[in-house]
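First chain written, first letter: the chains are A, B, C, D, E and F, and each begins at residue 1.
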Amino acid sequence: MAISLAHFGVDSHFVTRLPPNPVGDAALRVLRAEGVGIDAVQRGGERMGIYFVEAGASQRPWSIAYDRAHSAISELDPSSLDWPKLLRDVAWFHTSGITPALGPGPAESTRRAVQAARELGVTVSLDFNYRRMLWSASSAKEVLPSLVRYVDVLFAGEDDLRTFLGIPIPHGALDPASLDLRACETAAARVVSEYGVRQLAITLRENLSASHNGWSALLYDGPSKTLHRGPRHVVHLVDRIGAGDSFVAGLVFAQLDGKPLDQALRFAVAASALKQTIPGDFNRVSVAEVERLGDAEDGGRVRR
Amino acid sequence: MAISLAHFGVDSHFVTRLPPNPVGDAALRVLRAEGVGIDAVQRGGERMGIYFVEAGASQRPWSIAYDRAHSAISELDPSSLDWPKLLRDVAWFHTSGITPALGPGPAESTRRAVQAARELGVTVSLDFNYRRMLWSASSAKEVLPSLVRYVDVLFAGEDDLRTFLGIPIPHGALDPASLDLRACETAAARVVSEYGVRQLAITLRENLSASHNGWSALLYDGPSKTLHRGPRHVVHLVDRIGAGDSFVAGLVFAQLDGKPLDQALRFAVAASALKQTIPGDFNRVSVAEVERLGDAEDGGRVRR
Amino acid sequence: MAISLAHFGVDSHFVTRLPPNPVGDAALRVLRAEGVGIDAVQRGGERMGIYFVEAGASQRPWSIAYDRAHSAISELDPSSLDWPKLLRDVAWFHTSGITPALGPGPAESTRRAVQAARELGVTVSLDFNYRRMLWSASSAKEVLPSLVRYVDVLFAGEDDLRTFLGIPIPHGALDPASLDLRACETAAARVVSEYGVRQLAITLRENLSASHNGWSALLYDGPSKTLHRGPRHVVHLVDRIGAGDSFVAGLVFAQLDGKPLDQALRFAVAASALKQTIPGDFNRVSVAEVERLGDAEDGGRVRR
Amino acid sequence: MAISLAHFGVDSHFVTRLPPNPVGDAALRVLRAEGVGIDAVQRGGERMGIYFVEAGASQRPWSIAYDRAHSAISELDPSSLDWPKLLRDVAWFHTSGITPALGPGPAESTRRAVQAARELGVTVSLDFNYRRMLWSASSAKEVLPSLVRYVDVLFAGEDDLRTFLGIPIPHGALDPASLDLRACETAAARVVSEYGVRQLAITLRENLSASHNGWSALLYDGPSKTLHRGPRHVVHLVDRIGAGDSFVAGLVFAQLDGKPLDQALRFAVAASALKQTIPGDFNRVSVAEVERLGDAEDGGRVRR
Amino acid sequence: MAISLAHFGVDSHFVTRLPPNPVGDAALRVLRAEGVGIDAVQRGGERMGIYFVEAGASQRPWSIAYDRAHSAISELDPSSLDWPKLLRDVAWFHTSGITPALGPGPAESTRRAVQAARELGVTVSLDFNYRRMLWSASSAKEVLPSLVRYVDVLFAGEDDLRTFLGIPIPHGALDPASLDLRACETAAARVVSEYGVRQLAITLRENLSASHNGWSALLYDGPSKTLHRGPRHVVHLVDRIGAGDSFVAGLVFAQLDGKPLDQALRFAVAASALKQTIPGDFNRVSVAEVERLGDAEDGGRVRR
Amino acid sequence: MAISLAHFGVDSHFVTRLPPNPVGDAALRVLRAEGVGIDAVQRGGERMGIYFVEAGASQRPWSIAYDRAHSAISELDPSSLDWPKLLRDVAWFHTSGITPALGPGPAESTRRAVQAARELGVTVSLDFNYRRMLWSASSAKEVLPSLVRYVDVLFAGEDDLRTFLGIPIPHGALDPASLDLRACETAAARVVSEYGVRQLAITLRENLSASHNGWSALLYDGPSKTLHRGPRHVVHLVDRIGAGDSFVAGLVFAQLDGKPLDQALRFAVAASALKQTIPGDFNRVSVAEVERLGDAEDGGRVRR
């Protein structure tokens, strides 16, 4: 997310906690290489969370084994972060539902962050990113809805809306194969009116195979009461990890850049489609590279 | 075959002969790593058969250069194997038509093995695997049919049935593009009645391209006189070598596991489809992974 | 081009200039490995031109960063090459529009080469290969048309015909998606009559995606006034660099081999389709491998 | 340790606890590959302890960053292991001081193990392996001496003897550069008489450079009251990790094999010298390979 | 040099010129990763200078093939750099004799830089780094001595002193095998008095073999009129490239850090010895790692 | 051998037999890359001989597992080679004792080759290269001495002289640690007088360790009755395989080049010392690189 924004030329900073050992050093080195500001990275804790990935192919799914118990960030002390100071002169603050899932410290820190951001007039976005291997739905339900009160732009899926926000929505309404645009619109409007968010963004993935996925997204805009539908790209997957984050980064950049909604959504969908053609977690594409893709499935000529 | 069964949790053992040198040691190490029992592996002979693979892509076919002349197994002494002892408490014995093709010793050993297995009530399966670079059709015809007399489950293709077993079957009847189910049924019934096998299994590969193949299979069951057709998977090929062996392993496991015929065939087709998405010769998938694929082309979500 | 011909069994020689340093040595070593004659390779100059490739995938295009300013070949001294001697007993001379783009020395050398070849009755072919990053269209226009006078077989695209040869042709007439065969025929006939070339060859690429391309070609034969259309292959791209050169090599070989036009074109299209399934720049396929592909999309069985 | 014994042909089994995830599966696969019995490996817990190694060279030391907090083994439940059953028919039980350092469960398990072994007449060996990054000296002092009561063969260093066992020994007496054999003998005799161990083994490393180390060892035998000094090898280090474990394995094997003390020590020193010439943690050498080295610095001819 | 300083915790910035292409992007990414400030990096020019290295071993020397003709930096426009602004609040400015060797633009830029630094009271250091493949001794003689007028700390060798500064010094006086400390002192004192530099630093390399080198250095301090001799390290070479730069960085850091002369020299020698044990050009060691080495050849224990 | 000569600029050709499969193709490609003439390479036979190498280090020896039974060359038909034609205009013919060890065909071919060479006045050299894993000493004794009758320059070791040529020589006389130059001279003179060879060359290897070897050689010249001793290099081994062949190549080149005996021997020793610093079997050094090493242990400066 922060890395993708840095590649779009945005002055982006990452607030996290890394252990004071060579593994933490290596993480810092990577952030620095990709151009992310690291002045708000705290050093401390026992270990860095890691994960092991088996790349999927065709019918064989990608498989991730997480090993992030007791990570430095999970033992974050909320009082160690001075959010009003960290957020000074910041235009946008983004956080993910994974952070509060990591423990009471990160959860409290997230709450303080979004509250401070709202008070300072910083735009706040949240990606639900619910992971049932990290916490139960009932634990998440105690935390996530209360964060949404401070959120301007929410990234969520069908189950998230139903389970955490209590929005009634027909099963499969957000499934690309049976997309019910009217039901989406109704549900999105309720999220806006009940939770005070400004926009709701929803990514749409079609699992054509483990190698080929359809990829698109919806964006509901509260003020204009309009539902926008992005273009659909069929991606020959290289690495699907990081698709969600790169979509967020695309939408954040495009709105900061003042693009109109349709164009912003198009940019975010194209950016995250490109991410899935890049090995590794990072979306290293530039604004020009995203815009060159445009809407069309124009494939990739050699540029020379 | 043995490796795939070991990954399904079956206590599987491999009877072979490896040279007493570091290359044989390395082979043994791999078998052990994958969980295959090696107590029946004989050490001796001059060299280990090897092969060189050029991975194909799109219109460029996979290419294999065999270098197995004078391999340790080809110079196997039939009297060195005490089959009644090796087969004690064994539920299933599988062999391939490649073994008798390697020379008179392996051929005689195979004959003794299937005969001993039949006498001990061990289920016997045989995959014809006819390779014209190893022996002529006329040589094979002198050996293979006589083995079939002892076989319970036979794996064969259209040409095998016609050439080695003398079963009349219209040209192309087993070609997926022009599959003639009624002719298959008639031919399979004759194999059962004439040769006394219990089941005949046939894999169906469609060469959509060197990158994408359709993959399915048929199973004719003698006792119930029924022909079963497995689901069809379109596989984006990663490594097609080992597809046949992994199909055998799937069908053996599923029947040992007591699955009904349709479900067993479905399992075997799914297992061998997954194999073709894995680099290397081994099908390292677990039962749970095969069952998760099921019949549907549901592609591969990230599991996390 | 020379490498592909060598793999077809043609005695092919490469005339170029390499710096007298280990980088030039390495280039020479590769030419020798692939079977290309190197007796006409000149050593001299400051450096070897290189390029950096980022392999594309799906929507992300292949990207090439050239670094060939001041390469040894760009500072070639025309008087250092004795073309009549170099072309003695040669059947075919091929050159590309990239060479004259590199500087006045290479341009003058190219002019002398085609002139000498014509005088000696050596068949001459030229691939326009116009690269706007190397020279402006107006500079190219001063050089390329004058070379065409000496050319027997010309390889060009729609824009080349219009811009450099002044042939009127409707926009998109050579676009595979809107191919206008009659317009192609008219345009090709004018190239033949106005410039005196014997044949005009045109490759047709459809950018289905950065991973899958349609690939075919047209060949107009002056003497017989016939337009031939090659088969269409859908290639799952492994490395698209070198497609044009391998098409040229295929057509040159097939004509030297005396194949009739349709068969020659089929051979060239198949050869260059196969190239795009091979990593790296070289088309290492043999004549037998090309002929085995034939016209049909028969995919790639395992050969064993 | 277990792996080295397996390569010596000993039927060796590893008692440990691995998480029920793909990382634990991979560890199990490696143990199996190297020939170690895995029937006593427990599956459970959150994660597998890992470490990151930076290979040293010349003046730059090897550097290890441990990440084993909360590993599966550290949360071992002592009641889950039935030691009398695990130790049935076992000849030798070895454990390391790292295990009790990992937490109260492993500490209690170790205590129960050595107690059960002693009762069953199984030879017990313990390598102190004190790591100050795992526990304080005072914590270790509460645990290690009480274990020594059950130990037959103890592996320890100068600081261990002084700090944990309270044996007075002059500073530097066990430093290879100033080795005081008489003081060693006196100290070793006290360990034997005060703690009831049968043998005390001490490795001697000279840090000539990070690339070259002198390597030897001492063995004090209680019953015969003799101090034995092993040969000295100057090792050009490839990977020094695992030297201690391979020395233990060498001494255990040699004694199980009935070698006299001098020969046993020579074997153990040679085995562990060879380990340090092998990349990775495992000592994959056979008995024949160790014996071929012998005492002499005879270097390594090509064997062919 | 800048990278090593960044690893010592110094806020270090690199003034250079990189081409506006992906190769320049990659260079920038590396600088950022290693923590070097890049705000003064200019983008422009045709290409980036590169070099090809063949790693030496034993009697086979390291071999470098430079390819830096027409690099972006060689075509630097002196008027594009506002040195007074670039040097504001800077404590130390270092440059190398390679820069003026690249062309008139870089030479003039270097002259302006050292002049501006002197005027602003910034400490200036210069490493002669004379490369005869870049310019002739006579060309260098026109440029280098005039730069020395502005230099505080000079890094040079015996030939440099004699050839460029006209200092009479016996042949071999600075050869480690025949070091003549008195002659060094006399020569150094003349450099100080005649050219107004404050310190003269000289590295001493003994080519024991291509694998093992002795490494040390001398430092003459003008104000105190003292000659200091650093410790000698015998390095088992991993990568000797960058030894000189890392010595400069060590001496700059140690003096900025206020270390006394002997300690500063010791630090610089140790830092550059460690560099030669690290693959690649960068000295990634921290201050603590350098200080841990100290003077002694204490080799490298495992740190854990 | 042939490859090393090609790198010295000698027009060298390799007579061998390679199987007509992709493995043989790959071998041919490598020969061509290194500049060896391949017009006398026969295609035929079943397989290519291969070997597996485990690189040694320090006390751990290099280990080779040969797999060359039934190689194409071992089944060579002597009548298939027209030696008088192959040797036309050839200056030197070299062969190794490994060839006749491979079977009756290669043995007879070798006999015919040396006989033809002698008749045509081609200088003949033979390296005994006795491998006891290929044939027994008694078999070798039937073949090798009869070949020596046609040999001009013989490469042999102490055991070879004693066992195959029946020359009495004290044990250890050719061991570098106890070199008895007078006994060498006497033995060499007898080889010359009894077998009619012109020169006898003997390499001297000291196994200081598996990482460091002393390396030198002796050359006895029959006509001048002089024994020459080459310089001694201590090599930090990178890959010792190919040392003997590169020594032969060095001596052949130096004599063809007209160097006096001492210089020729120095060249051959230096060339083969350098070989052992290069990974892989090939000695890719040029004449200039060998001469730059000279006699002195001057290590390897960076050349730039």
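As a convention for this text, a contact is a pair of C-beta atoms (placed from the backbone, for glycine too) under 8 Å apart; a residue touches a chain by one contact, two chains touch by 3 or more.
Fair warning: this is a prediction, and the values are worked out from it, not measured in the lab.
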item: Chains contacting each of subunit A and subunit F, listed by label; value: B, C, D, E
item: Chain-contact steps, minimal, separating subunit F from subunit C; value: 1
item: Relative to subunit B, chain with the most remote C-alpha centre; value: E
item: CA centroid of subunit C to CA centroid of subunit E, Å; value: 48
item: Geometric centre distance via CA averages, subunit E-subunit B, whole Å; value: 66
item: Cα-centroid distance, subunit A relative to subunit E, in whole angstrom; value: 45
item: Shared interface positions of subunit A, touching two or more other chains; value: 63
item: Contact graph of the chains (line, ring, star, complete, other); value: other
item: Chain pairs that touch, as defined at the top of this document; value: A-B, A-C, A-D, A-E, B-C, B-D, B-F, C-E, C-F, D-E, D-F, E-F
item: Touch list for subunit E against partner subunit D, complex; value: 233-238, 270, 273-274, 276-278, 285, 289, 292-293, 297-304
item: List of subunit C residues in touch with subunit E within their complex; value: 21-23, 46-48, 52, 54, 63, 65, 67, 69-70
item: Partner subunit F, residues of subunit C touching it in the complex; value: 29-30, 32-35
item: In the complex with subunit B, residue positions of subunit A that touch it; value: 56-64, 66, 131, 133, 207-213, 240-241
